[in-house]
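In the part that follows, the structures are each spelled out as structure tokens.
Heads up, the next two complexes both have subunit A, just with different partners, subunit B and then subunit C.
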Partner chain A sequence: MASSSSSSSTQVKKITLKAADGKHFEVEEPVAMEMETVKSFFVGNEDAMKDMVVPLLNVSSEHMPAILDFYRNHSEFRKRTPPPPAEEVKAFNEAFLENKSDEQLMEMIMAANFLNTKELLNFLTEAAANRIKNKSVEYVRAFFGIENDFTPEEEARIRAENEWAFDGLDED
Partner chain B sequence: MKCLPREIILDILSRLSVTSLLQAKRVCKAWHNLVRDPLLVCMHFSHVKDPCLILHCDDPIKNQLYSLELSDLIKDDRRDVNKIRVPALPEFYVVARAMDYIELPKSKELPNQNSVFGFGVNQTTNKYKVIQVVYWKHRNRRRRDIFRPLLPVQVLVRGRLHWHTWSIFCSSRITGNIEDEQFSCCPIISFDFEDEQFREVAMPSCGDLDKIRCHLVDLGGCVSAAVFNGYEQIEIWIMKEYDVKESWIKEFNIGNHVPRSLEEEEEEEEEADQKSSFDRVVGLLKTGEVLLEYKCRALVIIKIMEHLNN
Partner chain C sequence: MGDRIGAMDRFSELPDYIIHHIMSYLSTDEAAQTCVLSKRWNHLRASFPILDFDQIYFVGKDLATRHPDFFSIREKRRFCKLINQFIQFVDASLLRFCKLKVSMQKFRLSMTLLDVEGDTSLLDNWIELAVANEVKEFDFNVHTDQTIDDMVYSLPETIFSAKFLTNLKLSGCNWEQSSNTIMFHSLKKLALDNVSMDEQMVQKFISECPLLEDFFISPAWNFKRFCVSHAPKLKIVTIDGSFYTVESIEIVAPSLQQCTLIHLGNTCDSLTLDEFRKRSPSLPRDVENLIIDVQKVPPSKYAAYLDCLLWICFPRVLCIEAKQRKTSIKFIEVSAPEKFVGCS
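For the complex of A and B:
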């Protein structure tokens, strides 16, 4: 269901994006313009030609196909009349997150933040929140790669203050 | 792994439940400060989530508190209510959900005094306030209008707390018995946390809200009322535009709302004490369903099949 969608009309202009590791991606113009960072490269920059390569310094090529797939599908969802059933959107979103490790999710959040696209960023931060909710403190630290910088005394004090919140956690 | 920027962490944290947020305080020093960031509170409320309920239970042990995240409940119904360990306090009221508790200075206790507590925030100064409204139940038998208690159910909408009030008239000058008193509904009173003023709020002119079994509820940020009509029918009224009399409309009816599994117990409960024999509309869920508290015993989710308008 992914990328074949609208490419039947061959006139769609393409924009070339260059990932951090130098790999090039040819992207239909409307899809590329979903990313504010790409858009601002052209808007108000009259010298920029549409055939210029846009460098995306913080986005690894590993995540580009998935990110572009997200934009293609979600912009299609938005345009479709009548709007797609909630289950279809949900199924796409779930499939998108499936097999993504925590580390990959983090990297995609960084990429979405750099590309400055609200929709993808909101979606990914919600996904991250879902992965850490009702989890133990140790799990959350491992998830974000955070070092515990509390002394044992400090930690015990904070734990005591919020004791009631520590019942009913999920298994890590 | 590279560290995520502060605003992204705030974004992720703001999507967590209150209990998960309290745990997040323990992750590291930076997060401990993040959780106190006033911006986080605003962001938390902007992500429209189903409410977190705090349940106050007196049976079998007095003053037990439990928390329940409704959004979790909908997704997987295995989540239980969490017990909130409360410090040993002599007596308390639950006024609102918050992440901390404070002990208030004791107010003067007078005979025949009743009070209602309210909790809210002044949005300009970001200061939380607890108010206590005190009234006296003195039974002056020569005057008709005796007292106007505020109903304990309160609704916080647009930075103002709202109560429905009752008036109790004594119909018999001689006996002054409760049975001889007549109840009638009085205005909705609001308290503005900004200017600390009480005001009267517009009510529909049809008088349908002047029923004894009627309570206020916040439905999607609008002051609304649940009117118990007859035995098993609840009318939901919504004030679409704040303080505009004409904007009150009857939005939908909830028919037979007694869950079948509880129906059989019904008969035995006839003699149950007054307080626990009422149903109460708690609010609207994100799915558009209505959450109802059934006689202090069960929470019921009701799907609204038909809206009366539109």
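For the complex of A and C:
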């Protein structure tokens, strides 16, 4: 085990990430480097630092397996020639979002923001947008946990100023 | 409920740009609705850098899709009133956004001009504000109703100094020759739909936008010679001749991948897609798709067209659209290069 660094030259190097609650995750280096936050941890430090544990202060271990799964699959999609059929990517993305509550989705958006990965962030923010499409104002407030700090008069005035935008909403 | 309160604490920290990012996936009206959520969201709505103004939200689908010629007097009056409300809304939203001094990702306008002369200073001012706020995507679609006003809006000179532009789409206006230097150093996509401008100006554009990748023009009014040159990054070219006056087309673009020439009239004698041959005679670059509509080209000219196209661009897919004369196509003899796969 001690000689792992010399004997593993043919293996993919691993980087250890530490989630906010202290749990460790061993991740293949190319996958870890998809995250700009991890990448910038090593910039200028190179090999000497590669066996250090990278602390991810804002990411809970609950979401790490799913996030890593996303990076692994999407980096494989990008590398593949010919590119994978759109249905395959779509199927993966849909399965990824299935059974994720609104709260889990929002938590993952915050994690993706912290990890600074454009692809995951774009994907999750679009998913969030899809969940609030054509929903009532009350629904959207509950979705984001927004406290309404308007007086009823203020709200009515702003709504009247933007009357054109309020047609055909579901009361859901 | 307990969960929700916990969520409230955490999500209230969502940074502005993440919320804007989510809003960018919503339709224009859905994004606008967020203004009533809370004071913070009302502010976020005001600073949202995608400014998309479409009269359809004000005048409604019915009036927007019918021609004003067929409006009753009452409908016409209503239409004018709603357009005026729309103008006031655009003006107020733009001014509010510009006070915040943040850069503008996109400005889109789609409206009917009821009084070109009267609206000119307003439109000029909107364009000036967008340019001053470093607009990146500019989509400007104004239509004049000829029964109301036979003038066409002319773009102001300010547009030439929009140096942050990456996408420019213009529709329904005049673009006159200017002595000004074109500052579109970042422009990647240029679409001119129903824009009247001359050949020299198009040429000047293409040669002065070094990053241009996608060029679209329809129709190419009053153009005799269409020449695209000095376009190192140009990948996609679409020219709709609309059966007008185009006599020759010459495209010199080493990165060309897709070329669509449609509605070329019977005046088009010469077609040259060069540079492929010049650059590397033994290893020509492939044009992935070449779509040419020769509906009105006399069959006697097909052979010359095809020969030139096949030898010069080595298209992988060649689609000749000549629906009325499909039978003629069969009799053309083409000396197909090795890479040529099929002809439809």
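By definition in this document, the second predicted complex is superposed on the first by the 157 of 172 C-alpha atoms of A that agree within 3 Å, B and C clash if a C-alpha of one lies under 4 Å from a C-alpha of the other, contacts with A are read in each partner's own complex, and residues count from 1 in each chain.
Here is the rule we use: a contact is a pair of C-beta atoms (placed from the backbone, for glycine too) under 8 Å apart; a residue touches a chain by one contact, two chains touch by 3 or more.
Quick caveat, the model's predicted, so the values are computed rather than measured.
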Practice task
For A:103, decide between first (touching subunit B), second (touching subunit C), both and neither.
Solution key: both
Practice task
In the overlay, answer first, second, both or neither for which of subunit B and subunit C A:162 touches.
Solution key: both
Exercise for the section: For A:77, select first, second, both or neither according to whether it touches subunit B, subunit C, the two together, or no partner. Expected result: neither
Exercise for the section: Scan A:134 for contacts with subunit B and subunit C and give back first, second, both or neither. Expected result: both
Problem - Touching partner for A:142 - first (subunit B), second (subunit C), both, neither - result: second
Exercise for the section: Kindly classify A:125 by the partners it touches after superposition: subunit B alone (first), subunit C alone (second), both, or neither? Expected result: both
Practice task
Jot down the residues of subunit A that show up as touching in both complexes, subunit B in one and subunit C in the other.
Solution key: 103, 106-107, 109-110, 113, 121, 125-126, 128-129, 132-134, 137, 140-141, 144-150, 155, 158-159, 162, 164-167, 169
Practice task
Spell out the residues on subunit C that touch subunit A in their complex, using ranges where they run on.
Solution key: 3-5, 7-15, 18, 21-30, 32-42, 57-58, 89
Exercise for the section: Please name which positions on subunit A make contact with subunit B in the complex. Expected result: 103, 106-107, 109-110, 113, 121, 125-126, 128-129, 132-137, 140-141, 144-150, 155, 158-159, 162-169
Handout entry: Sites on subunit B touched by subunit A in the complex
Key = 1-5, 8-9, 11-13, 15-20, 22-29, 31-32, 67, 72, 79-80, 82-86
Fill in the blank from the handout: Listed in rising order, subunit A residues that touch subunit C in their complex are 103, 106-107, 109-110, 113, 121-122, 125-126, 128-130, 132-134, 137, 140-142, 144-150, 155, 158-159, 162, 164-167, 169
